[in-house]
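Note that the chains are named A, B, C and D in the order they appear, and that numbering of residues resets to 1 at the start of each chain.
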């Protein structure tokens, strides 16, 4: 009953096997081996467009360096108030952009409200040196609270960004989960809706360590090779990332894994929703379920070995809980099983 | 005949196998799993002292963050003029220390000259705000030119650093190669000679990606957890690093691999030294051989498929080459074989 | 009718004269002349405690470097949501602290609400590497909206900061205006209430350019000399700052100037408060008056040559204005006169 | 006998008077007052070209921000090994460029050797991510050792910079001294020889505090307004800088002051050169004289109240001194007098 996070899971056997396959032999380091180039080309196929791809060590690096690639002195980046970049990255975006600021934008269920975004940007007229200047917008898909932007919602955010000449970044730490939820193509969920840069996450979805920055607008990547090296993010044996991604993208393994994660989350959500002793805090649209339980029920689940996090009540819904209740987050992954889900539900149903 | 660099090799089978073994199951992320803790404890055993260990993505990160942990505004770090930190890291140390400066110190064969170090430090009296202030000394073991500091030489550098209250860092990207060369213990080559922090490199010696910062002086690690996270260097699935290092340190695998690399370098050096058509630029003491060849011989080797780098003549020995000669660097690894070495020698002997 | 800001005024004649007096002769640069030392000693007298004083070029520099002196990797600084550091300094605090973050805290009338501060700090448990860690609290006295913290209110903020081991900084760009409002001593308004560092502003109150960082907790100043130089803030001819401050602090000139500014603000406030055509947005407690006027009245005042800023409605009071109304800010200074005030009131009264 | 530095002098009476004249009245802050604009226009006249001008607090700020305006991730800046940016600015250029590196170039008498510059740049091929990439060249005119580049020498440096697409910056902390030495126009010594950006220094030549960054290539100034504000270098009462520069540039006051400084240096040099007990270390071409004295003579001068610095022997001329000799630096200014010079010579002649 491991629902603490999708990064508690290990690696899919096919990915581990592909890695072993690459263990022998010699190859050029620093991203120029044949395999590296094949995987880069594969990204262009997957996204139906010539893209520039840069592997980095962590999702935080992907987000921070993507934003740094469009950073400017006095820059201000707009994100949701629950966004990972502002809530969970220890100031890495600020540090790696040499001091750009994250300006939070409210919005229900983890999605930026377009009007609130418009109003926020309006506070930074382009020549106002004192306030700083707008430099980028970033959204997370699927969001930090397990919801998913529809294509129309992405387009609405994108339209605002474009109207202000701001590049649009997508934090795709759980990109595949959103993709299979919407049942659309990678292109449709990104550049066809105006996304310029993507943090493409593989780690949470069955890789050991595979994060990439994908530039749809390749002009924005002009400095990235130096930004990455200067940030100590250029792996020498890059083929160990490439090998993972090769297996990840092969035969839609990545989508299969995301489908399992989402299905298990749906099963969890359906089960919890049908109990008297629990309810969903909001809709679970990807692989994260936020549920409200009586405190003693949550404690019982923990005592039985279930792993999950107590979650802070979002500022926008301060009255979410009744007395004696607690908010918990449950995350599923490629490795989650029906048995685990059902065992958890059994405990919660008491 | 892959002698371009030790990072052209892949992973040792035992390391790849250990990684696969960890693929299944669930474990806490961010460095707190049982395996992570076991490997940390293993480091304390290996170094015969309680140490603090931090995994990072690259050797550049290990060096830069170790130096950042002792960095100060206006700080000046002393290193050899050929040091990797100043020659090959794209300003990452400067960036990740928020602007500390690397001050180069000369010395024959890649080793800092102690008198030159003393003189360099003396240029920075502690209250002289204009020049900046001395903050650290870093040496590379084995060095960038394939030589090795003796224990006495390390102690001499260390004594100067200590006399000025400067922490001493060792860049150990090729730590194991130096260790087996000297035939001493890890403790003898580090903290027993006054080293405070070590970049412990596993990647060049048979891992996929395994770099760690080891603090012998644990007080210096006070900020490291935040420094690492802020630099986007905190892996989520840390057990994939731990698993590699578990296998690496088990049954002295790391030393065996370094012994093979050094032996192959020795074979190369001995072979080249006995030829009329080649000579060694200086002694090969670890797993790198710098040789001087007639240009046509080097070109012939390349044409035959040998991979190596032409190398810039060190500034301290401008007259190293005669007309028509070229300086090349040959690097061996755990995966180098006698057959490869002998094939290369055969080409060079014409 | 210059009410746009107190930095539209020039220098008090006594300050200009003192500067001229110092024009001749020679003196040691970089803060070590006799005059520099006398003025530093004068600060210790004024604050009834041995303090460390560092001159810098701007209030933004004073704030940013004070915060940098206590900055840490992943650091989070707590300030009011209208604070100058977050609203008007173009990311200088983030940049000069190498990426620390400003976390805003709400509170009525420009003053941080202590409960909200407590709640904000609680979101950053000390070992939580992902969120970053609390490093400092900063308050502005007098505030950005022309109000003043009482001594008790400062003590309440200070108690919270101390309970979390956080240094407390005061942005005193308009320090003198608050002091004369409260009628207390500099010591009572600062270190006797737990303030550790002060940005002491002279520029807005009759100097050309005189800003100082004052450390009551001198331990926090350990790195400041290097921080200042590294930020290119160390003037060579420091006596031109010292001379200004020498005159500023002599015979309570600074307090006289602040008294005039406050009295003129009070006159403005009283006058506007008595009109049918205007009302105060909130109490004017120092030298800034925020008033609500019919739009046509504001436009008429501008047409008549009055200079002031239209002000954004604070987020905490979204319903401040009725239709057709506008919020304006009026700032007075040492150079404001009754004639100017009365002329402005005459226009507003129609 | 104040020869320690030109920043020991105060302000010229005409500059002090002009400042007082501006003390009264009100003016828009942050560089947009009428006077600010007039002075900016005056710069365009002086340089015979439309230039962009940015006032900053210190010469270090001018240098660092000029270099930051063309800085890039992994950037490398080429300067002479004695350059102020590398020797005396406490890492401010590295910090304010977010980690760009200064690469020193040798050359006799404080002037970069063009061949050495060419060779240094060649070490950084544009796509070599490991080494970093060349981003700018900076030279100091007059140099740190009191010499002056001829127009031809500036053109030679500029040609190399242009051949590599590198912007050329001139550190003109002692710009006027070089100008009057060469007897050329400001345009001839800057953009007509390929200089793109100038740190225009007024402080050492009779101002209190007046430093400006002048962009001849105005495209390079695109980010400067934000760079300056983010670095806390935007004065509010900018007219106090403008007023100084207004007087400085009026009726060639700046050139008159530099002529006096140079003449006094020449008198010092001629006098010392004619003594048996002293000799010049190298030619004095501007307002700095480097002389070699018997140690006891230097001590006697100090005992008699003369102020000057003992100077470190340049690395390029290690054998400059005989036993018992010392190298001293003497700097003259607008305020130096024949009497002072002659009094000093009298002491030295014994």
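Going forward, a contact is a pair of C-beta atoms (placed from the backbone, for glycine too) under 8 Å apart; a residue touches a chain by one contact, two chains touch by 3 or more.
The UniProt protein names, listed by chain, are A, B, C, D = L-threonine aldolase.
Keep in mind it's a predicted model, so treat the numbers as computed, not measured.
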item: Of B-C and A-C, whichever chain pair has more C-beta contact pairs; value: A-C
item: Reference interface B-D: repeating pair among C-D, A-D or A-C with over half of contacts shared; value: A-C
item: Of all other chains, the one whose Cα centre sits farthest from subunit A (L-threonine aldolase); value: D
item: Interchain centroid distance [CA atoms averaged], subunit A (L-threonine aldolase)/subunit B (L-threonine aldolase), Å; value: 35
item: Separation of mean Cα positions, subunit C (L-threonine aldolase) and subunit B (L-threonine aldolase) [Å, integer]; value: 51
item: Distance from the mean Cα position of subunit C (L-threonine aldolase) to that of subunit A (L-threonine aldolase), given in whole angstrom; value: 41
item: Numbers and ranges of subunit A (L-threonine aldolase) residues touching at least 2 other chains; value: 73-74, 89-92, 95-96, 98-99, 129-130, 132, 226, 229-230, 234
item: Residue ranges of subunit A (L-threonine aldolase) in contact with subunit B (L-threonine aldolase) within the complex; value: 2, 4-5, 7-13, 15-17, 19-20, 22-29, 56-61, 64-65, 89-92, 95-96, 203-204, 208-209, 226, 229-237, 239-240, 307, 335
item: List of subunit D (L-threonine aldolase) residues in touch with subunit A (L-threonine aldolase) within their complex; value: 30, 68, 72-74, 98-99, 129-130, 132-133, 223, 225-227, 229-230, 234
item: Of all residues in subunit D (L-threonine aldolase), those that touch subunit B (L-threonine aldolase) in their complex; value: 73-76, 87-92, 94-96, 98-102, 123, 129-132, 312
